[in-house]
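Each structure below is given as structure tokens.
Common to both upcoming complexes is subunit A, partnered first by subunit B, then by subunit C.
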Partner chain A sequence: MLGLGADRLRADMNRLLALLFHQGVLDEQFLQLQQLQDETSPNFVCEVVNIYFHESEKLLRNLRGLLMERDFSDYKKMGIHLNQFMGSSSSIGAKRVRNVCVAFRAASEQNNRAGCLRALELLENEYCYLKNKLHELFQIEQQRVLAAGARYPMQN
Partner chain B sequence: MGMSTESQFHVLAVDDSIIDRKLIERLLKTSSYQVTTVDSGTKALEFLGLHEDDQSNPETPSVSPNNHQEVEVNLIITDYCMPGMTGYDLLRKIKESSSLRDIPVVIMSSENVPSRISRCLEEGAEEFFLKPVRLSDVNRLRPHMMKTKLKDPKQENEENKEESGKPESRSQEEKEEQQQHHHQQQLHHLPQQQHSNSNKRKALEEGLSPDRTRPRYSGLTTVV
Partner chain C sequence: MAPTIESVNQGNGGFEGNNKRSDRFVKATWKNKLTALVVDNGELCRVLERENLRAYGVETVAVETGEAAVELIASGSTFNLIFIDMYLPTMSGPEAVRQIRAMGARSKIIGLTAFITEKDEQDFFAAGIDEFFEKPLDPDWFVPIIREVDNQI
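So, the complex of A and B:
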């Protein structure tokens, strides 16, 4: 029975992943991350993604802080934050988030404050969705590992 | 540290992005390399035993080759876009240093800018990887590192125009020629690379023109 649980959880994970790929939320780079995870580095994906969350939230705070300034004009600084965000999103396979950053950067290059505000909201939403889904993914994975472990009580 | 044949290659990775450092470290460790990561060009030079202000001063002991043999580095892989010292600046400093210029340097960038790519290759970079870097990219590093480890003089007089990709060894006297051959070899590989890295190499080819006045690239037209 426990074995079935692990298998079903794996199927759930794959289904969620497939959905995220289909929606364009994740791309192939995420698979590359998974391939880099093995016995010597069993939590690699989780670690990288957690760093990504930490960095992203800092960047989002910075971006919002800039745009909320009454006399905001430092589009160059905003561009730097966006480039960072784009780079890290690309590195973990967060395709939709990255794409919003691209649009955001375009607005920034045009010194279009209203456009930037709109892009920021969109970015925050995309990021939120991504974070929730990845958390879900990790939770299923955790449960699967536990369920799979319970199948073989004699193993260390 | 690295005298036996069993010893690993040691790669110095430079990137200001913490995520990319983590990624490149994992990619390199998966390929069984020893890795040191730093977050800036300045720190990279420090690690290599080269101090910016001492570079051109031959009297300063910190520039002596003996210094960095304790931390033997077989390859440097660096991001291009970094605040302060860019990857390109770092590349130049390394190639201008008599003690460090033999270390192969690879550049990474998230942007596909052909002029940037050719600039880096002209300055002596062995490869230019587009981010996100993949395992298939890292697999291309070994030949470059092998060349520096095997100081076998038997290949001394051989012109290396073949696209064999073998880690041909060179004596110290041939190191200038060696750098030309690196580029020839790398360019020779272009057509094959197109299959696996079509975007990356395509950008590379677009950026190259046969018009080169620097003698180092006189062989370019025959290869391309």
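So, the complex of A and C:
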């Protein structure tokens, strides 16, 4: 009976993952992260995603800070922040966030401040959605691990 | 087919991490001990590039800046491969590559960026890189490069 809890949670994780893939929020690069997780680094995916959260929030603050400057004109600096955000998003499979960065970059290259502001808002929303969903995924995973561990302790 | 945790890791479960990472990477065996330097300002990219290369048996060091990379080479460190981001703070990727090549380094240098433009490609190749790819590191393209380097030693 206890085992059913772990199985059900695994099914929940797979459903959530399928949804995120279907929505284009994540791509196969996210699954590749798990290839690097093993018993010597059992929390690798979680740690890497937390690094992504930390970096992304800093980049979003930097981008908003730049655009809020009264005499903002440093589009080159904005491009550098966007480049980093694109690179990190691609690297963890955050497809939709990466795509918004590409559009943001295009507005930045045209020195289009209004376009950049619109893109920033979209980026903040996309990032927020992604973060919430990844937290949900990791919560289910934590519950699954607990449920699986409580099932038959002697089997392992 | 919808992605599932089971489909990720040859049946051992994705998040569980209860298998050695070598299940996939054991196929990569090299004749020589290979070394790589990763140069990237972003911690996430630096960690992932380093861990991907290590998983394929390449001893890898990662630094944050072009200056740190140049200092490392100037101090006598040698690497078979260098993976370097285009956009680095203060000293750019192309400038770092120019200085590394000027010191006589014969490493295979792979330029990386989040979004390739024609101008970036021209600048980076003019600086002395051998290959240029968009992130992320993908075994489909970096494993053949490692194999080529291994065969040339």
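FYI, the second predicted complex is superposed on the first by the 153 of 156 C-alpha atoms of A that agree within 3 Å, B and C clash if a C-alpha of one lies under 4 Å from a C-alpha of the other, contacts with A are read in each partner's own complex, and residues count from 1 in each chain.
Quick note on the criterion: a contact is a pair of C-beta atoms (placed from the backbone, for glycine too) under 8 Å apart; a residue touches a chain by one contact, two chains touch by 3 or more.
Worth saying up front: this structure is predicted, and the values here are computed from it rather than measured.
Overlap between subunit B and subunit C is detected when the two structures are superposed via subunit A.
In the superposition on chain A, A:13 makes contact with subunit C only, not with subunit B. In the overlay built on the shared chain, the residue A:42 is in contact with subunit C alone; subunit B does not reach it.
When the two structures are aligned on the shared chain, A:91 is found in touch with subunit B and with subunit C.
In the superposition on chain A, contact of A:99 is made with neither subunit B nor subunit C. Taking subunit A as the reference chain, the count of touched residues is higher for C when subunit B and subunit C are set side by side. Once chain A of one complex is fitted onto chain A of the other, the partner contacts of A:62 are absent, as it touches neither subunit B nor subunit C. Overlap of the subunit B and subunit C interfaces on subunit A: residues 29, 33, 35-36, 38, 40-41, 44, 48, 51-52, 55, 83-84, 86-88, 90-92.
Interface residues of subunit A facing subunit C in the complex, by the touch rule stated above, are 10, 13-14, 17-18, 21-22, 28-29, 31, 33-45, 48, 51-52, 55, 79-80, 83-88, 90-92, 98, 101-102, 105, 141, 145.
Taken in their complex, subunit C has these residues touching subunit A: 2-9, 14-22, 24, 40-45, 47-48, 51-52, 55, 85-87, 89, 112-115, 134-137. Residues of subunit A touching subunit B in their complex: 29, 32-33, 35-36, 38, 40-41, 44, 47-48, 51-52, 55, 83-84, 86-88, 90-93. Against subunit A, the residues of subunit B that register as touching in their complex are 17-20, 22-23, 26-27, 29-30, 81, 110, 131-132, 134-135.
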